[in-house]
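Just below sit the structures, each encoded as structure tokens.
Note that chain A is present in both complexes that follow, paired respectively with chain B and with chain C.
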Partner chain A sequence: MARQLVGLASCTLGEVKNRADLLIYWGANPMESHMRHLSRYSAMSKGMYTPEGRKGRKVVVIDVRPTPTSKNADIFLQVTPGQDFEIATVLRALVNGVALHGLTDNSLIGGVPLAKWQELAELMKQSSYGVVMFGIGLTQSRGKDLNIEQLSTLVSELNKFTRFYGIAMRGHGNVNGSNQVMTWQTGYPLAVNFNRGYPWYNPGEFSVVDMLHRKEVDAALIIATDPGAHLPYDIVRYLQSIPTIAIEPHKNLTTPWANVVIPVAPAGVGAEGTFYRMDNVPLHVKKIIDFPYPSDVEVLRSIKERVSNVKNRQRAGL
Partner chain B sequence: MCKQITLILKTEPSLPVEAENITPDNLSSMDATEINNLLLWYGNEQRKLSEFFTVEISEVEEVDEFEEGTPLCHTRIIIKGDLIRFKRLGEGMSSGELLIEGSVGFHTGALMKGGTLIVRGNAGDWLGAQMEGGKIIVQGSAGHFIGSGYRGNPQGMRGGMILINGDAGQMVGSRMRRGVIAINGNCGDAPGYRMLAGTLLIGGVPGIRVGANMKRGTIILLKPGELLLPTFYYNCTYRCPVWGLLYRELKDQGFNLQCSNKDIYFKRYSGDGNEGGKGEILTCHSH
Partner chain C sequence: MALQVHKDVVCTFCGCLCDDLEVQVEDNTITKVGHVCTIGRNKLMHAQSDLASLRVNGKEAALEEAIDKAAEILVQAKAPLIYGLSSTTSEAIREAVVLTELVQGTIDNPSSY
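Up next is the complex of A and B:
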């Protein structure tokens, strides 16, 4: 949502590996959430222009608590929860040389003295290839998409001085895929309504949680996700009260109460397909073994065919 | 003579109804049969208006309250019932009057160009979003994104007036370009976010990040809440000459402000420094 308004200067993980000399992890703890990330793509990896690996890079962690990632960082800035927007605002001002009246070096911004943010702003400007990687610590704190909007603007403005990029630390397998496909098919990444036969986009109105919260849904088709584990309790209770179909390769917290469960072959194991990595790079995955179940695509295609036949019959008055 | 169309809700629908067809412009030339057959979106199918409402049409004589003796000639729609499930009522209307005697759902008066829209209860999110003219009065509270722009649109409200007697949600007047929004109660975070111009008055306590990234425009806070962002700078304390005009205009519209017109001083802050610092936030200093 933030990208739509202000854009985001971004790069691939390959560039991070080969070029980045300053890495900032903001609200992210990849040591625990993305285990191979540091060794393959970022802090620890050795690349074409970063032959020294970890020694040749500066690592900064901005988080609300010490984490395994922060223990291995050169600079750790422990901030007050919910102050990310204010921090990004001050960093923008420091980077652009905008005066901050009434603040001294000891003034606390997000629980950290201004002098520390000044040091970070200088570090960012002096780096030759900086990357800020932000996680749900930033996206789920007060302000949500506004935090990302402010950070994206900061990243764009840093490009006046050096090369600087931002990457979202997306979690779960292929969570980026639905956004990518939705974008190239409809022009919008999420919260798209097809009620009228054409796409209509409005997060807050057509996002899953909001629609279920307002009880605007009378049936649900759940594909490769687990609302029973991830959505708030009252929303799960409502989902349980309406007809639900789950297309899912595994047993999870949704399948026991879904009215219909259609087992499918897991993508990348029993079916081929395309995964989108967190830096938006598509990766083709092959089928490794045969499964007795069809793939998600086959199931969805046959459902669509049946629904079309029923609708055509209804239109013909049969 | 004014054409008065009264729509009485039969039962509250279980799914949302998109009712952008219900505007004085659309209904002014229709007879009762045409209005009954008007199509509204119910979920993913279209249904006739008569499935939701009972329609009554009458003609009333009214005189313009500002120009004595001048007879009024416009269409007034009165909708009775709890319209929480009804979205886009009065969307794009350019004349006449729409009176909602109850609460109403999302996008009410969005893209409005003229006329008057009155909500006796509460209003949902995106009230008057991207409106260009006219007047919206909500006697209860309203949701988020009042007078703001839709996602992807760099400009929000471009003209007109929105008056909320109760509280408001987050991001009121986000990216607004022109016009006036006045809220008598409290409001959520980031009012006037990325504001481009126009006037936003908040009578109660605002949330945090007031006027963040605003380029120009005026935000008036009668009860300043938490500290402003560090990219706003104190300029002076003064008697704002515009305040008297705005106060009188709001009083004329029946808006009950919790302060007086006289002996009121404002602290003026300019910002957002990150965006050029040409916007202003006026916080009430004494009254």
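Up next is the complex of A and C:
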């Protein structure tokens, strides 16, 4: 959402590997969540203009607690939770040379003295290729998309001094792909409603948690995600009370109670297709073994055909 | 026993999509995975176990029956929600968007919360 308001200067992971000399992980712990990120694409990788690998790069971690990622950083800034917006705002002021009246070097911003943020601002400006990689510590804490809006603005402002980019550390394999596909099909990346017969976008009104919380949905089709494991309890209880269809390869916390469970071949193992990497690069995923089940595409296509047959009959008054 | 080694396999677990995996397959069963993190290995080694089974209202069913029932639910609903799409192919997501338009529902993924 922040990207729609202020944009985001971004680069591919290949550029991170081959060029970046300053890496900032903000609210992200790839050592545990994206385990090969550091060795393949970022901190530890060796690339064309980064032959020294980790030695030639400066690594900064901003997080609310020490993590395996922060232990391997050159600079770790342990911040108080929920202060990311303030931090990004102060960094913008420091980078742009805006005077911060009433603050001294020892003033705490997000639990860290201003002098440290000043150091980071200088480091950012002096780098020749900086990348900030932000995770759910930033997107899912107080401020949410406003944090990203401020950070994206900081990233574009840094481009007045050097090359600086931002990358979202996307979690599941193709969660980026669903934003991409929805954007090229409907014009919007998520929370799209078709009740008027054309796409209508309004996060908050048409986002999953809000809609289910207000009980505005009377049936659900769940594909390749486990709401039983991820969504708040009251929402799962409501989902359990309405007809729910789950299209899912494995048993999970949704399949025991869904009214209809259609097992499918898992993408990239039993079915081929396209996935979007966190840096928006599309990759072809292969089918390597046969499954006794059809693919998601086949199942969705069959449901679509049945639905259009029924609709056509209704329209013809039969 | 037919042994195949698939090279440059893309791991579909996280947003890194590491594309250099080596997956050994014997008789249509994954037996070994190389160039991979522990999460990815676990995902691939267990890809063929704990599979969901086809059910309609808790009872075993045939695929056609389940698809009919799914279509019926979506047609009867006034405000259906199509949600998820975080671990499937872009081709499937495309079908899901078309289906949402057809049933005049709402489509969303986990990045909205």
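Here is the rule we use: the second predicted complex is superposed on the first by the 318 of 318 C-alpha atoms of A that agree within 3 Å, B and C clash if a C-alpha of one lies under 4 Å from a C-alpha of the other, contacts with A are read in each partner's own complex, and residues count from 1 in each chain.
Heads up, the rule we're going with is that a residue touches a chain if its C-beta (ideal position, glycine included) is under 8 Å from a C-beta of that chain, and two chains touch if they have at least 3 such contacts.
None of these values were measured; they are calculated from a predicted model.
Enquirer: Between chain B and chain C, positioned on chain A by superposition, is the outcome a clash or a fit?
Expert: fit
Enquirer: For A:216, using the defined touch cut-off, is the partner it touches chain B, chain C, both, or neither? Pick first, second, both or neither.
Expert: both
Enquirer: Touch test for A:98: chain B only (first), chain C only (second), both, or neither?
Expert: Touch status of A:98: first partner only.
Enquirer: Just checking: does A:40 make contact with chain B only, chain C only, both, or neither of them? Give me first, second, both or neither.
Expert: A:40: touches chain C, not chain B.
Enquirer: Looking at chain A, does chain C or chain B touch more of its residues?
Expert: C
Enquirer: Taking the superposition as given, does A:170 touch the first partner, chain B, the second, chain C, both, or neither?
Expert: Only chain C is touched by A:170; chain B is not.
Enquirer: Contact-wise, after the overlay, does A:195 reach chain B, chain C, both or neither (first, second, both, neither)?
Expert: Both partners.
Enquirer: Mind working out whether A:236 is in touch with chain B, chain C, both or neither, as first, second, both or neither?
Expert: After superposing on A, A:236 lies clear of both chain B and chain C.
Enquirer: Examine A:9 and indicate which partner it touches, taking first as chain B and second as chain C; both and neither are also allowed.
Expert: Once the two structures are laid over each other on A, A:9 reaches no partner at all.
Enquirer: After the superposition on A, what does A:123 contact: first (chain B), second (chain C), both or neither?
Expert: neither
Enquirer: Does chain B (first) or chain C (second) touch A:203, or do both, or does neither?
Expert: both
Enquirer: To be precise, I mean the smallest distance between any C-alpha of chain B and any C-alpha of chain C in the superposed model; what is it in Å?
Expert: Value for chain B versus chain C, nearest C-alpha atoms: 5 Å.
Enquirer: Identify the residues of chain A that lie in both the chain B contact region and the chain C contact region.
Expert: Looking at chain A, the two contact sets intersect at 194-196, 203, 216, 218.
Enquirer: Hey, which residues of chain B end up touching chain A in the complex?
Expert: Residues 14-16, 18, 41, 43-44, 106, 125-126, 144-145, 150-152, 154, 189-190, 193, 208-209, 212-213, 229-231, 233-234, 272-274 of chain B touch chain A in their complex.
Enquirer: Considering only the defined contacts, which chain A positions touch chain B in the complex?
Expert: 1, 4-5, 85-86, 89-90, 92-93, 96, 98-103, 107, 109, 142-143, 146, 150, 153, 194-196, 201-205, 214-216, 218
Enquirer: Which chain C residues qualify as touching chain A in the complex?
Expert: Listed in rising order, the residues are 6, 9-20, 23, 25, 28-30, 36-40, 44, 47-48, 50-57, 63, 66-113.
Enquirer: Hey, which residues of chain A end up touching chain C in the complex?
Expert: Spelled out, the residues of chain A in touch with chain C are 13, 33-37, 40-41, 140, 169-182, 185-186, 189-197, 199, 203, 206-209, 211-212, 216-225, 227, 230, 243, 245-246, 248-252, 255, 258-263, 266-278, 282-286, 288-291, 293-297, 299-304, 306-308, 310-311.
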